[in-house]
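All chains are identified by letter, namely A, B and C, in their written order; residue positions are counted from 1 within each chain.
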Amino acid sequence: MDPQLVLVQGLNGVQLGVMLFLMAAGLTLVFGIMNLVNLAHGSLYMVGAYLAAAFQEWTGSFLLAVLLALPATALVGIVAEVLVLRALYRRDHMDQVLATFGMILFFNEIVRIVWGKTSRYMALPAALEGQVEILRGVGYPTYRLAIIAVGIAVAVFLYVLISHTRVGMLIRAGASNRTMVGALGVNIALLYTLVFGLGAALAGLAGLMAGPTLAIESGMGDPILILTFVVIVIGGIGSVRGAFVAALVVGLADTMGRALLPSLLRTLVGPQAANQAGPALASMLIYVLMAAVLAFRPEGLFPARTG
Amino acid sequence: MAEPLLETRDLVKSFGGVRATDHVSLTVLPGEIHAVIGPNGAGKTTLIGQLAGEIAPDAGTVLLAGADVTRLPVHARSALGLARSFQVTSIFGEFTALDNVALAVQAHAGHSFRLWRPARGEAVLREPARAALAAVGLAHRADAPAAHLAHGEQRQLEIAMALATRPRLLLLDEPMAGMAGTDSERMVDLLRGLKGGHTLVLVEHDMDAVFALADRISVLVYGRIIATGAPREIRANPEVEQAYLGEQDLLHA
Amino acid sequence: MGARLRTGGIAAALVFLALVPAGAHLLDAPFYLKLVGRIMIWAMAALSLNLILGYGGMVSLGHAAFLGVGVYAVGILGAHGAHSGFIQWPVAVLASALAAAAIGAVSLRTSGVYFIMITLAFAQMLYFLGVSLKVYGGDDGMTLSARSQFGGLVDLDHPAALYYLIFALFVAFHYLGHRLVNSRFGLVLQGIRSNERRMRALGFPTFRYKLLAFVLSGVACGIAGVLLVNFTKYVSPAFMHWTRSGEIMVMVILGGMGSVVGPALGAALFLLLEEALSGYTASWPVIFGPVLILLVLFARGGIAGLLPAPRGAPRG
């Protein structure tokens, strides 16, 4: 097992983990505080990427694209919250699933109508092209390091927000006991909109950062959504700390699993069988991990809910 | 001295820093009506939860007819003869009253892995259900959707469902909750009528009912039992008076 | 009066369905045969979901996975030359049962939001499994070389024969479903949906019953998958994608969850709407999405909620 390979894949795993954390942090709060199953969270990721690509094309600058796309995506999220999601807070989960499913159908189609069916691409900003030498002779893409840095910065920001501010206290209280917070006379509607807006911004951030690294197309939010769900289930609903830990675990497990499992299998069962079964098993790995966590802790690793 | 039907030994349960159940040792004798009273926040709900099996104690044991049921889940305790009614009415709103009670009968009439015969046609389920409804005075409301019953009737339905499981011990969590006047009188008569065939553990706030019904009373304060005895003794107990400071009128009514 | 209307409606629907092959032949429009056949298959998938969703209260977002198990059981056996329906179909049933038992055993330990997400995740797992099996077509899928063979008993290559087989199973599913929801087991399931805590207090070991319901539902959906692959002659992981699960759930809600016939009505409405809308524009989801949202927000009972309720119990 090549140590250089392990290091590079490890960093890839952290990068994926950090992206998943951005997605999961907002969503776990929405689940925990508003008890809302929001399937359309992946759509915000997609919208973030599309808007960033559009702004970059319009202004020619990656930086401007980021600065414009972030609030724009948050705005899209808030509009969705006010128009549709507000009415869903009181409803049962099935209604929420169906309505947000309808939102996915709508968003997936609307981006096709506005921006066409073919995939779009974003250019890497010049400053972040190329590689950084992390170890003698081992290079790692600068842009991916930047993503990791941003992700960690956001994690620190959220930590400070949640542990050391009044708003954060309300968020923690809401995640732990929603009805109590309402009874204390806090403006619930405003709190909900803020939390949702924060989640939308984070999802949009993940999307626009991912923009230069992959093909921007309709439905790109769906696979990320599923992974985000796995992260939240493992981490525990309502817990940002849980989301952070679980996101890194899932990101690393998935990346390392895909990279290392086939070669591991090859030594065990030979190349033929390994090439058949390798990718299949690797893609199932995180779900097996999720099942294993649930077998021992059905509430996740750091559940926030007490009432 | 008869074998206790229900017994707890040094039961302890803490939530964070709060000790909700503090070394509670309780005995309930067969055939008696045993009331558990205490001021708000005394830990009555937590205690019931541990007796019923919904809450796992941190330490101590719960014994039902001598058998250790501390780790036994809720449904298994029901199979051993423990029935429970809820403080906040917990019934099946979309079913009729008869359906509700028939379901309770069904729980103890063999297994329910029967996928073919219509259950509503089974006399072995419907007859005992009607009998239980009649016993609580709800026979005339058998076909009403449970959600449409008046509050007092729903509380009666709760009792009927508990009775229909043919229990040895009934754990009643504030059966008088939300009732007043003729409704509560009727409930007291109902509960009194159960004596003889059943053992009752009654958690209650309604002092009139408690002193009218109980053979023995245990007083729970801040998670500890501070006194157990006949109603007369409890009434005269200075510690109990202290605990109910300001509510003296209730005890001396 | 309501009961007679209902029985009359069901009888009329059955007669209509039975006459579709003849009608399609007369009009020389095999399209209608295909359309109605497809509706019945999806109706069976929706009915299977309704058992755990409408009657059991379990919001499973991964039901299409069982459809896929049925599809791939036939597909994989067919790819290896085992075309006999007498082998393929029992294997499909067994595979669906095992998959449902495994997924259910893990998922049913949770509830609420967790349960929804876990069922979704497991379904996606099976989808990715299907995508990664390159030898069976992977992402693109593969064509079934031959439909299930039943010797001289029935020739599934004959469109009318296949249609009537689907019809027979369609009727059987509905009848079995009707018996099931009114049986002891069915009442337990409904009780669990209504108030699981109370059920446990009454003495029901609820996990067992939920698991059995989950398995029965998975097997029924697997059978729908077997019919689907024989109908389309196409094996693809797309049948297992979670948006399929969403569509099945939409069918259930459109039809109204509290009845056995609701899902069939919902499937019919959904597929007919899809046909009609996609005739107008390829971008029909941009209309359908908001329509669905409006439906959820303003019209909860679905179609069957508008029909007179069956005699006797509030739900049946």
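We take it that a contact is a pair of C-beta atoms (placed from the backbone, for glycine too) under 8 Å apart; a residue touches a chain by one contact, two chains touch by 3 or more.
Since the model is a prediction, treat every value here as computed from it, not as a measurement.
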Q: Looking across all chain pairs, point out the one with the most C-beta pairs in contact.
A: A-C
Q.
So, comparing C-alpha centroids, which chain is the farthest one from chain C?
A. B
Q.
On a C-alpha centroid basis, what's the spacing between chain B and chain C, in Å?
A. 43
Q: Return the distance between the CA-based centres of chain A and chain C, expressed in whole Å.
A: 31
Q. In whole angstrom, what separates the CA-based centres of chain A and chain B?
A. 48
**Q.** chain C-touching residues of chain A, taken from the complex the two chains share
**A.** 31, 35, 37, 39, 84, 87-88, 91, 93-95, 97-99, 101-110, 112-113, 222-223, 226, 229-230, 232-233, 237, 276, 279-280, 283-284, 287, 290-291, 294-295, 298-300
Q. Okay, in this complex, where on chain C does chain B touch?
A. 179-180, 182-188, 190-191, 194-195, 197-206, 209, 212, 312-315
Q. Chain A touches which residues of chain C in the complex?
A. 53, 59, 61, 106, 109-110, 112-114, 116-118, 120-122, 124-125, 128-129, 131-135, 242-243, 246, 249-250, 253, 283-286, 288-293, 296-297, 300
Q: Show which residues of chain B lie in contact with chain C when the two form their complex.
A: 52, 54, 73-76, 78-79, 83-84, 86, 90-96, 99, 103-104, 106-108, 112-120, 122, 145, 161, 165
